[in-house]
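Note that chain A is present in both complexes that follow, paired respectively with chain B and with chain C.
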Partner chain A sequence: MIATALSTTGFSQEVFDAFLAERDEPGWLTDRRVAAWSQFNKLGMPNNRDEEWMRTDIRLFHFDRFAPFAGIEAPSELPPALLATGVDLAGRSVSLDSRSLSNEISDECAKQGVLFGSLDSLVKEHGNLLRPYIERQLVDPNQDKFSALNAALWSGANLLFVPKGVKVARPFHSFTAMSAGGVDLGKTLVILEQGAEATLLTETASTDPEAGGMHCGSIELILEKEARLRYVNLQNWGSGVWHFAHQMGHVGANAGLQWTIGALGSRLAKVNQHVALTGPDAEAQVNGVMFTHGKQHLCYNTHQHHKAPFCRSDLLYKSALQDKSRTVWRGMIKVDEAAQRTDAYQRNDNLMLSTAARADSIPGLEIEADDVRCTHGSTSGRVDDHQLFYAMTRGYTRQEAVRMIVSGFFQQVFDRITIESVRDALGEAIGRRVRDIEE
Partner chain B sequence: MTETLKITNLHVAVEGKPILRGVNLTINRGETHALMGPNGSGKSTLGNVIMGHPNYEVTDGTIELNGEDISEWDATERARAGIFMAFQRPMAIPGVKMADFLRHATTNVRNPARKEGEELIPMRQFRKELTEKMEQLRMDTEFARRYVNDGFSGGEMKRAEILQMAMLRPKFAILDETDSGLDVDAVKLASQSIAQIGKETAGGDQMGILIITHHDKLLDQNTPDFTHVMLGGKIVETGGVELAHELYTDGYDRIRASYPEAAVAEQVMAEVEAV
Partner chain C sequence: MNEFTPAAKISEITDPGSLLVEIDEQLVVLIHAAGHYYALDDVCTHDGGPLSDGPLDAAEGSIACPRHGAKFDIKTGAALTMPATKPTRSHDVKIEGDQILVRLCDN
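Let's turn to the complex of A and B:
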């Protein structure tokens, strides 16, 4: 637990030193944190001359406006968890402002050697087991200031570890909450050993839908050979939250990852989502559902990296944009020379609900092998007046018609999501947000 | 009292250009009217305006349903009041299944006061009714699971429109070239279906039907009580079924010769269109 003494504003040396002093972590981990902290201080803020940041303006973001571990009073009630409704879970964990609040795991899973819950605690109990995975550093602390900061200060983190051959049918659920003006430096680490199978539903939300705050997070998914993971990540922060995230999945031989991202919240989001297919016959399906409104800005850099032959990757991102919101998607399929017989696909569809909304869609291919199939596509369209009229002549109100057309737009991606509670939660959350199209 | 859809001196413009120039038409429930006329004469416009398409501006005249002027109502209100149009080119709504679309539509039309989010017709009852209607129209049940008009052939779209009419049970139906793009057998089936549906509508009263067509085949089973000819944005002549046969066989030369003013207007409208 972090003492309330750490209330200095900003990410100062004092804050970092006090953080380390409170942690009581193994030396190897402290060393990692110290190195990353030094990197954080060395790296400059990204700027708009950088290709990756030229469409995403963070000049209004300042680290010193936020106080990590400030001991903000916990609200009496957490926001509702959307993905867990009516779901029989194998385990659940809750954190608030980067502090673990509760962790539960079914007896059955615990007996099988599954670890689930607070990485902060579990790394102390299972250091030898977890060390090699943490030291792989799938998310490179040196990538930018945000990856360095998370590597230095991650806390309130989640772990799911499933041992070799263990198949867990029921989903795990982890809920990460942030109070108004709070800071979340969460990390999710999933390790599936050979042949293991699991489903993890994670969601993040603010205690108030209009709250501000800052999230600087990381996700690392490690699938050893023949493992199968369904992973869902719903970002539902308050409308004033800055969201910076580095996300990386490694999929081994014959393993399969289905990764679904839902993005509804935040003021500005900059997400790097990277999937690497590292062994032959690995498979990754990536689904993205975004709904933006107000002046939201969501930027996703996706990377499908084929390192081994006979792998398949299939990415479908769909966003609907209301008001003056904006999305940026930059997709890259990279095929290494060794990755013959790659089958890779990426697609991004955007539906504009207002003339002031804007979607940038930038697919990319970088192919070094010569026997591959790589395709990409992107579309941008508006809700059509003729479609609306047609639905209205069938008794739909205009509002009902817009909602129906938007839900139809997302159906193709919902059809791919095999978890009913996730489809329902996303569908309902989007339906509630659709107001009307603007002329 | 017989319910009536009455159009009086209707003038309509699009982007300031006149398209309808004083249309008069009265349809009582139980009557079948055929509306014929050359391309560009304003037939589809009339249908769209009766439905409340926002792109058309009513510059003069009235559209009355049972004496109430509905020309300011939006399409939703008109649909819920029992007016229906089978479109020549219905819009696709990708991702929305025909059955889901129709369950909402049917609930809304049968329960005009329904607000969004209120209960839909029970699934079991809806399914049963939909299956019956699809069997009557010899449609494969797979159809209900397809996305609305998405990738439909011309014939499939037309049959889907008739299916919607069967489910919505309107008081007044406008069929805009429901026969175009159909082969002879399909037109025959459509013709029979429309006649059948026309007799089965809500409240036991028959539908009032306005059939917009270039042919007379759809009229085989739906003998019009009146045939109207439109030229240059006006209904210039009204007759019985024999007029429909005449126009189909002989074309519009006699009409143009008899109504030179409308023929001139037709020319002007065609030139404006070409610009």
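Let's turn to the complex of A and C:
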């Protein structure tokens, strides 16, 4: 067990060497990890003079205050999985503190050649199959210190591989938990070969909702031509967790990706979400639901990259902010010269439930083609007093009225989510958090 | 009410000068000007910029944000110039021996 072999704290060379010694992985993968580790040590911490980081202050974050693979005592009970309630699943996986705990896949899927579960194990058994996908390196280890760290030390990772033409109707579910003060270095790799279809629900949670910890993760979604993926990612860490993530989707010709993000937890989140439309007629719909409270700071940088003609992308992020919390959304639509007849849209709406909350909304367009339709929009506003008054005259308490209005605010994005359990889980989690409007 | 916490030694800050310190998971800029010590949140209320990187004007009693030049009163944290319109938090400071102690204010 890694947990017992490593006791050194921090991200030291000793920890990395012991990590590698325990892995027993193919040489090509070890080489990649070593190169990324070298890059991690070379790169400096991002600082607030960098445009990408100037609104997200991480000077209070210190790597040496965390102990990866430190063998924190596993809790007797994991937090409940919200997205899987009442859902008939094709497979499920559970990990804790970057260690895989259990993996299940239905016999039917296994017979069709679907792989689902721990990437740590599956890469040893199916190295030749997975190598070209891992080597595509969708998330660039050189992008920043966090992407390099994840590339070097990912573990407790998830894989979903669906072979050519296989269509899986039932969703897969992956649950990633973190104990108090723990470290998660998870990675999610989804590969849909030509014409494959699947749904993957992933969610994260801390064993203690107030707990601290650190997540440095990555997500890579590879959709070959004509593949279709519905992917849901609910981030529900404890309120003291630092969350750093690089997420990248590659959508091939005639393929379709529906990507829904729910961001509810963590102390500070800095996420880069990138969707690349790489083949003609590819399509991506990106949905984001954020609810912040306390002193939370959630920063999402989204990127819709049109590389091929006739592609469509549609992004909608909606945030409600309570207390002294803050959200930052920076969105970019980039259209390459070859991507004629692009149809791209991005929108961010913010509902301010407190005068002390703050939302920064920064949409952007970078267009090199000359025959496109690219539009964006952003709104920020408070709850309308007249709506509150009207609801209260109909017998609702003030809190019920606020909850109803917040729920209505998110309805537009919930309507786009086609999975009932996801709609219910997000709606319920947000409803529990809403208190009142603060002057 | 919070307790006074040792934040730095007197010898660590010249006059005039400033020093960034971390107190109870918060970033605070300690300021030494005209023989007095002050403590402010290290955040510009306009754009979140780090005041500890900005110029200190001891004669005027202000510190400016390095991004857009908004000035804040080093004694009270009041916003003195645009584009900031809201004060940044100021904290209580006292000296004991060679130690600078800071008590974080709650609001």
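Simple rule for what comes next: the second predicted complex is superposed on the first by the 437 of 439 C-alpha atoms of A that agree within 3 Å, B and C clash if a C-alpha of one lies under 4 Å from a C-alpha of the other, contacts with A are read in each partner's own complex, and residues count from 1 in each chain.
Simple rule for what comes next: contacts are C-beta pairs under 8 Å (C-beta built on N, C-alpha and C of every residue); 3 or more make two chains touch, one makes a residue touch a chain.
Values in this document were obtained by computation on a predicted structure and should not be read as measured data.
Asker: Applying the document's definition of touch, where does A:Glu420 land relative to chain B and chain C: first, second, both, or neither?
Answerer: The answer is neither, since A:Glu420 touches no partner chain.
Asker: Please tell me which partner, chain B or chain C, touches more residues of chain A.
Answerer: B
Asker: With the two structures laid over each other on chain A, which partner does A:Asn48 touch: chain B (first), chain C (second), both, or neither?
Answerer: second
Asker: Of the partners chain B and chain C, which touch A:Gln399 in the superposed model: first, second, both, neither?
Answerer: The answer is first: A:Gln399 touches chain B but not chain C.
Asker: Which partner does A:Phe410 contact after superposing on A: first (chain B), second (chain C), both, neither?
Answerer: Touch partner of A:Phe410: chain B, not chain C.
Asker: Once the two structures are fitted together, what part of chain A is touched by chain B and by chain C alike?
Answerer: none
Asker: Where on chain B is chain A touching in the complex?
Answerer: Checking each residue of chain B against chain A gives 51-55, 74-76, 78-80, 84-85, 87, 90-96, 101-102, 104-109, 112, 116, 147-148, 164, 168.
Asker: Any idea which chain C residues touch chain A in the complex?
Answerer: Chain C residues touching chain A: 20, 22, 25-27, 43, 47-50, 67.
Asker: Please output the residues of chain A touching chain C within their complex, sorted ascending.
Answerer: Listed in rising order, the residues are 48, 54-55, 57, 59-60.
Asker: Where on chain A does chain B make contact in their complex?
Answerer: For this pair, the touching residues of chain A are 384-387, 389-400, 403-405, 407-412.
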